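Common to both upcoming complexes is subunit A, partnered first by subunit B, then by subunit C.
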Partner chain A sequence: MSKNYTSYILPWVKTAPGMSIVISIVVTVAATIDAGPYLLVNMVVTGGMLALVATGLTLMLGVLNIPMFAHGEYFMIGSLIAYYIFTPISEFIFEHPESWLVTFGPFIAIIGALAGGAIAGAISEKLVFGPLRRRSTDNWVMNSFLLTVGLSVLLINLHQLIFGADFKGIVGYWQGMPISIADVYVSKDRVMAFIISAVIVALFYLFMTYTRTGMAIRAVSQDIIGAEIVGIDIEKIVLLTISLACALAGVAGGSLLFMYPSYPTVGLEPLYMAWFVVILSGLGNILGAVAGAFMVALLKVITMEYVGAGWDFVVPSALIMFILIFKPSGIFGSDVRGVLDK
Partner chain B sequence: MLLEVKNLNAGYGYLQILRDVSLHIDKGEYVGIVGPNGAGKSTTMKTIAGLISPMSGTVIFNGEDITGLSASAVAKKGISFVSEEMNLFVNMTVQENLYMGAYTIKEKHLQKERLEFVFELFPRLAERRKQLAGTMSGGERKMLAIGRGMMSNPSLMLVDEPSFGLAPQLTTSVFASLEVLIKNGVTILLVEQNVTKTLAVTSRGYVLENGKIGLEGKSADLAEDSYVKKVFLGV
Partner chain C sequence: MDTIKNELQMNSFDRVLDKLCLTPIGLAGLILLLILPFIPPFNQEYMLRWLIYCGFIAAMSVGFDFTAGFINIVNFGYMAVAGTGGYTSALLVINAGLSPWIAMVAGGVSSAILGLIIGMISLRLRGIFAACLSWFFGLAVMGLATKMVWLTRGPLGLRVPRLFETESNFPFYFLIIILVYLTYLVCKWVVRSKMGLAFQAIGQNMDAARTSGVDPVFYRVFNFTMSCAIAGVLGGFYAHFYGILTPDMMHTSKTVEVLAVAYIGGRGSLWGGAVIAFPFIFLMEIVRSTLSNLPGLNLVIYALVLILVMIYYPGGFSYFYDTHIRHPKNRVLRYLLNGRDA
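The block that comes next holds the complex of A and B.
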């Protein structure tokens, strides 16, 4: 029996995904032993958030062929909505400490951020991407890329104009003592942020793998003409995909409001990190994006620990460039020829 | 009459390919369109399937005007298009590809029934149901494309160049599978470069040249026609 297992595992370890996952795990364990368990906790929380933003990005790129550079702004919209929902709730909680809102108030804010992200995504499809697609799909990647950059500038400045450039943050979602896990004290907010992102990514994965609509989204990403001739309504799928992707960014912004207060350019850091993830892990692969998210989070956390806080963009991007020299389609890039290769 | 195409003009951008193409298909018929490269055979198919919107002319299916509908709307009406490039979902398994073929069918048990039916037609696909479509051989992909086209229980199948890029033996088996579909009561419009083969299996045929219908009639008669013999068969 054990021989059977090794014959499965050994070849897997030699592949690029296997090797990188094993190395990541080893590095994580070594760094955790050396620097302390808080490093592991930081990595897991950052990785969970990155996974949310990066799966949205993968979806936009894989299904719609849009290199989305405005994705961070939906993170910003999510955090803004969560702030404006949660501020009155926290005032109410302060006066009524026994209320049910103590436990469930934060969920209202986070669900609001999710819905807000979805609605903002649908609006951008109707006002920005839809009109471009109906006009012309020539040079689509470049044109849609420029549109997303413009959208990003617009949304950042709208935030500044309407809500001001100050930090709009909260002290924390859930009150009470930190939870102790393996001798580390982790605030309830961090634990919840991780649980929320884990649950959402898992649900999203199940949705994409097993439901009819999720399969239709994948079908559109693999062959748009094939999807049309089996009767899939492309317009509907496109609208749904954009809202889903933006909802994922929105919920990430909402659930991390305690770490990242809302301000106009709050989305840029998650955006760049998510692009690292997408480039590193390859296109259109949700599980790959999740694994890649934790790898990038690990790189970031380790760089901050051992090199210095100012280097947290330099080291990951240098390493990613290095990896791409050997594996241009990304670590989890598919070996099967897809539409993009044509 | 199941499908009636009247005075169809279509093309890409400013380039007109089809000029006043008219054809009709009755229920249960096996009709072929033959013609040289660039005659507009595939364009005819794509226009009927809704992938190209025509400049003028009408397409009537089951008594209903479907001219200019989107491809997904045409698929919902019961026309299934097996394209030359197959347009399979390469990163999905065979079974997932087939289930996507039944996208227009909402009921789970009907989807299952169709799947069983297709697996019966093509036992090879049943063996490979867990395999990714992109990793299959050319002939198997063709079978999968035809199987996927069958999944929606279409009243009309448009099959474009099933022998394209296939070894001769595989061509024979693909034609054999179309034969089985005809026996099951499916109506097929077939487009082929292989003139001899097409005229041998179909019951009626059209000859398309430079975007116009040149000749039409019973396939057996067309095969004996001196013009067809001279131009296409080189006899």
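The block that comes next holds the complex of A and C.
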């Protein structure tokens, strides 16, 4: 029996996904032993957030073929909504420390962020992507990309115009002592943020794999005309996909409000990181995006630890470019045909 | 036969215009730009500063369109490339005591090397992936400029000697107009030759181009190198005009500014961006300075224009001009708009 397993595992380790996963695990363990377990905790929390944002991005790119440059702005919308929901709640908690809102208030804020992201996504589909899809004839990828660039600038500056450029942040969602895991004190907020992202990614995966709607979304991503022939309502699926993707970004922004206070350009960092993930892990593969999210988070955390803060764009992007030279379709991706491939 | 007849009919004025890639109306526009600083509202120094910025964006958008409009790859790290040129030039002047003029050329060379590298490593990628790669490259370069404080003084900003030893902006204005025109001319000459045809073939359908014997490797790398060299020289101008250089210049939002102008002007036309930059950026500057209590409003308008153009008129201004204005019934008008060759 054990021989059977090894005969499966050895060839898998030799492939690109296997190799990169094994290397990341080894590096994580080595760095954790060297620098302390807080590194692992940081990586897990950042990775969970990135997984949410990057999954949404993968969904947009895989199903609708939209290279979403405005995805960070839905992160920003989520954090803004969570801030405006949670501020009155925290005032109420301050006056009534015994109420049920102490435990459940943050959930209201985070669910509000989720709903807000979904609604913002639906509105942008109705106002922006829908008209483009009806009018566009060729060069869809480039046109939609430029459209999202415009959308990003628009949302950032609307935020600045309406809500101002100052930091709108909170001290923390859940009060009380930090939880101790293996001699590291982790604040409750971080633990909850990770749990929320893990639950949502798992739910999302189950939704995509087992429900009829999820199957329809995957069908549209594989072959849009075929999907139309078998009677899938494309418009509905597209609307659903965009709001799902934006809701994922929104919930990431909402649940990380304690780390990233809401200000106009807060979405840029998650956006860059999510693009790193998507390009690194390849397209149209949700599990790949989740694994890639943790790899990029690992890269970022290790860079911060050993090279210094501020280098966290330089080293990961250099490494990703290096990987892309040898594996242009990303680690988990299928084919992207370039110039040199015949 | 027709072309020979045309050659014979052309008088020397038309032939010179044709060599200079100008139509009579283009020549008139150029002359208007050259006398603009003597016309009353525009002869104030602050207006001239805006016009110089317009000129800078115009020239950048021409260089950008050389890549984006022809081989259909958005160089999303374009401003980072320009910033590299600017920093190289500034550091050479400060540390090696070179004349700014020579240093600007050296900046162009350094950017060309950068462009060569981007072109080489993005060879295996297509479309949006190549755009992302150049974007990551830009992010990495910007991170380097921010973190190499011993060399670039990081976010504090590098003080750079100006190109002319005067307080006045007049010489800078004429220089940038010349640079805009030279950029246009060089790009147009290349595009007019057999090379331009190859670029377009690669941009439209790479497989077909390869089948017809066009070698995409050479043309793509050449295109990247040339457009980046232009960006480097212009970056040198930017550094020696403003006299202060911060890594902010390399930010993605600046690239977006160039990109928006290039696409509103019309892709694949080269002149569209240059023409649209002057009124558009100028109006934006007016909005920004008169409504300074509403920060970000100019960028909101900017983004709205970009979104509307992308949805309703993806061809941009040059397409509009070609379909609606270019061929009037009147023969004199037609000569003015097209020159002799049409």
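Keep this in mind: the second predicted complex is superposed on the first by the 333 of 342 C-alpha atoms of A that agree within 3 Å, B and C clash if a C-alpha of one lies under 4 Å from a C-alpha of the other, contacts with A are read in each partner's own complex, and residues count from 1 in each chain.
Heads up, the rule we're going with is that contacts are C-beta pairs under 8 Å (C-beta built on N, C-alpha and C of every residue); 3 or more make two chains touch, one makes a residue touch a chain.
Treat the numbers as computed from the prediction; the structure is a model and nothing was measured.
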For A:244, using the defined touch cut-off, is the partner it touches subunit B, subunit C, both, or neither? Pick first, second, both or neither.
neither
Subunit C versus subunit B, contacts on subunit A by residue
C
A:40 in the overlay: touching subunit B, subunit C, both, or neither? Say first, second, both or neither.
neither
Once the structures are superposed on A, label A:145 by its partner contacts, choosing first (subunit B), second (subunit C), both or neither.
second
Let me test your reading of the model: by the given contact rule, A:276 touches which partner, first (subunit B), second (subunit C), both or neither?
second
Name the contact category of A:218: first (subunit B only), second (subunit C only), both, or neither.
first
Return the residues of subunit A at which the contacts from subunit B and from subunit C coincide.
336-339
Given the complex, residues on subunit A that touch subunit C span 67, 128, 131-132, 135-136, 139, 141-143, 145-147, 149-154, 156-158, 160-161, 165, 264, 268, 272, 275-276, 279, 308, 310-314, 317-318, 320-321, 324-325, 328, 336-341
Can you list the subunit A residues touching subunit B in their complex?
212, 215-216, 218-219, 222-223, 225-234, 284, 334, 336-339
Residue ranges of subunit C touching subunit A (in the complex, touch as defined):
72, 74, 121, 123-129, 131-133, 135-137, 139-140, 142-144, 146-147, 206, 216-217, 220, 252-253, 256, 259-260, 263, 294-297, 299-300, 302-304, 306-307, 310-312, 314
Could you list, by residue number, the parts of subunit B that touch subunit A in their complex?
49-51, 70-72, 75-76, 80-81, 83, 85-92, 96, 99-101, 103-104, 132, 134-135, 148, 151-152
